[in-house]
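These are the structures in question, set out in turn.
Across the two complexes that follow, chain A remains constant while its partner is chain B and subsequently chain C.
Moving on, here comes the complex of A and B:
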């Protein structure tokens, strides 16, 4: 347990909508190790972003954290259960940014339109690090330089609309790093930027992780990005974890039908595929999740009597799967191996 | 009516410049131009899929729109071998003439949410082109719409429903059915899968592939995603700041890159394989402003192989090996690849 920085235990988050109750996160458990990257993969509506928000105790109505524990081991003494804290209280506010920082998909909406970059950065730094204004300014310039932005001194006087998407995301990263967090939550940080900019941002995050030794929770739908960034991966489907393992196992020996199907359904730029395999149908309506195994209406391996509410069970070293037929499926080699 | 070599579309030196006006109440004077498309040339053969790939702002969407004449080109020629009219230059046609040509060139949009009229039923949406061109009416129209829906994997019973009742993937199928309604010769697909979830993306790509084979369709496939382009295209053109920098057969291009920008682009694309050992070529700086492009080769400020000549002399797109064109002075001298 020494290496564990954050532990999520049986987390349940519901959204109470007029259309019905959405069980956005339905009993999710995982651990994030110090200095490592955990990738959370899934399609839209699988609950990956809600999980991230729950960690910072930022779920807003109509959403509510029903139960579970999120234990933060960042302090030397006893763990802190983040969801037991008052969401507006001083302790969680110190942890947000100070201990756990977050960057979002669209940096445009995370930056204020009416304050300069310098204003926003120094305000946060003054508050969290108790620095006087001029020192905070110097520190801001240092941070902007570190994330590779040209002419950081001038940049401080700019507004968000004057920056490109890649520059905004760098500013967000610089701000997130200002308090040297132990955990960085990155929620699709490169989905809105171009591929060459994405490569720059990913490289930057990897370098900074080495330098500061921070852990990263990387949330994305992009299986390419996860393969490059993550040490461990959790695959989510309709609010549940369906598979969790180290990155190599996920790509070379996946045991859940959904993981396998996802990997076979993506076009590749590195190898030639004649035809993609598809997952039939659509992601079901989240207010009306299928009974039993949530994936069963789209699953090739479905056997009516057998696939009744599969538990999340360990089938190998650190390899967890939510499928009653995981053992037989895991025996078959993955598509990646067949192709390469 | 076909040319000897089966060319369906020939684009030569196509240009689209958007004026930037000076601030003024009475006199609007163009002070500069955004060179969104700046001298693009390529051909597409009948039944071929040409992938047009590039980052945002490179002019790929504008190229598609100018070909379709949703925008009027600033210069250049777009020769299209129309099924009914023979060879026509799309760049010079007026609106009445274009109406006939649009029967044979259709467009599939990126965003399946904003491209369907929420106040029309599926039958009206898919049947609209047939109705507009006065081709089918009444029962025959109804039957044709049912057939089209079946073709794209939707149940004809849904015909009286409105778009809001459908998911993103289903909406994209509706858009495809509409594009197919008039039996077009060519379809311009503008990022047709980039708004879709991973599992839905594969369904749509397969559908596009099947329809292409079934009807010998010709696609101009515009995308920012190299994986998608590699998967679907016979040939690929890479665009950067309004120009094509490299064009070749898909396998040839991915296996023997001839332009430093294509190399950087490919090396930036994440590979869904944790064991992959790939070269990373980080690009410095940002994509230049197409209103004020750099001198010489537009890529030179970011190119790691830059030499003095690149700063002054614009490299032409030239054939380096048969069928493989690249716009780089040093294509042959560099050993590129990821």
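Moving on, here comes the complex of A and C:
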């Protein structure tokens, strides 16, 4: 237990929209260990970004955290339940960025259009590290240098529209590292940048993780990226975890039909296919989640009598699956079908 | 940045030249001229004017010369601050106009300040508390302010000011300061009288700007950079006022440019009801009596002030928003 940095327990977040109530996060539980990387994978709308925001206790209306616990073990032996804190209070504000920092999907829009890079960088540094302005500026230059940006001194006076996509994400990373957080939440940080830049950003994050010793919660829809980054993986579908295991198990021995379908839909260079496989059907309307197993309308293995409310159960060492037929599927696949 | 200012200033000068032509044409558009209506008035009273006297008058006013010569003469003099005689008042236009123009600017700017002081905080509140009771209340009050005719509101406020606070209402000065030289007391008296026009003129304008501010804020408030600021641990107030408000303010800066034309055209009836010594009523009167030098001077000066106002707001926008400096 002493290795656990953050523990999410039975988290429920709802969005109250005029179209109906969306159970964006529906009973999610996972743990993040110190210095390790947890990958959270899923299609858009599966609740992974909402989970990230819940950790910082910044779910905004019409969303609301209904129940659950998010225990942070970062700065004392006694856990702090982050979602029990006042979302505008001083304690959660100290934890935000100081203990848990976050980088966002769109580096373009997550920087202010009318403030300089320097202004936005020093702001957090002055706030959390109590540095005077000039010292914060010097420190910012160091950080920008560390993430491999050229001419960091000049960069401080630039605005976001004067930087390229990769530079912006580097700036965000430098900013997120400024207060040496113990946990970095990365919400699809490479979705908006091109593939070469993506590789650079991922390498940078891995190097920095070693150097700073922080844990990373890596949110993405890209299983390929997760394979490179994560130690453990949680797969989410419609606000629920459908499978969780260490990264090798997920890739070589996936048990949930959804995980298997996701893996098959990764383009590969070693197998020639005429068409890229896709998952049949669409993500259902989130205000009207299918009864029983939420994945059943898209599932090849669906048997009406068996697939009623599958529980999230352990089927191997640290391997959790929400599927009543997981054992059968596992046997089947080893005989008939090569997944990877 | 300096390049931007120089380029904008040059454009402004060209603009002013073009406006001078347009205002001159507008003055010339109505059939006849001041002399024609003067003669018509005299003949209506049964007086006969000898033909040579008429042509002498025409000569003196230059009405016989081709139109472009008349224009050049008018502009040439205007550049030296001489806008000609007011045909109606019989005194130089410049004697009548500067005081009123100054007061117009004062009333305009104070209304603008009132509008900002109300619209910005209310708009921000409405956006951050969308669909709350107070949001609906402000929306209701805003629509009410927009719907009540200004002159009616002016009359009500005058009555309240007079009967409840025993104030001397109407005009911008109490009678004892009307012609007094400027002094501290006179300024205080002016500020006292400014309150009602400021509120009357500001109300309808405020309603519109609250809506603008609210809509802009709602666009900005869910932007990722706001979320990033919140994730940094800034206090909620700091998050809101430093980031989305700053971006949503742009349309307010533009209001600097049209505060003055608004003061003259938009609130003319209010100015008449409140007996404000601004240029609006003066312009109306000079247009009715075809006092062309007076009308031309007012149109010209207002346009120049508007162009300058726009220039200032453009420069302010460029200072506030780095993206604008690019183009």
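In this text, the second predicted complex is superposed on the first by the 323 of 340 C-alpha atoms of A that agree within 3 Å, B and C clash if a C-alpha of one lies under 4 Å from a C-alpha of the other, contacts with A are read in each partner's own complex, and residues count from 1 in each chain.
Everything that follows uses one rule, which is that a residue touches a chain if its C-beta (ideal position, glycine included) is under 8 Å from a C-beta of that chain, and two chains touch if they have at least 3 such contacts.
Being a predicted model, the structure only gives us computed values, none of them experimental.
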{"item": "Combined model on chain A where chain B meets chain C, clash or fit", "value": "fit"}
{"item": "Touched partner set for A:198, first chain B, second chain C, both or neither", "value": "first"}
{"item": "First (chain B), second (chain C), both or neither touched by A:296", "value": "neither"}
{"item": "Which superposed partner A:225 touches (first chain B, second chain C, both, neither)", "value": "first"}
{"item": "Partner, of chain C and chain B, that touches more residues belonging to chain A", "value": "B"}
{"item": "Which of chain B and chain C A:260 touches, first, second, both or neither", "value": "neither"}
{"item": "Minimum distance between Cα atoms of chain B and chain C in the superposition (Å)", "value": "9"}
{"item": "Chain B/chain C common contact set on chain A", "value": "none"}
{"item": "For the chain A and chain C complex, residues of the former touching the latter", "value": "53, 56, 58, 60, 88, 92-98, 101-102, 104-106, 109-115, 123-124, 127-128, 159, 161, 172"}
{"item": "Touch list for chain C against partner chain A, complex", "value": "222-225, 227-236, 242-243, 246-247, 320-323, 326"}
{"item": "Footprint of chain B on chain A - complex, ascending", "value": "43-44, 150, 164, 166-167, 194-196, 198-200, 202-203, 221-228, 247-248, 250-252, 261-263, 265-270, 272-273, 275-280, 282-283, 336, 340"}
{"item": "Chain A contact footprint on chain B (complex, rising order)", "value": "55-56, 167, 169-170, 197-203, 205-206, 209, 224-228, 230-232, 251, 254, 264-276, 278, 280, 282-283, 285-287"}
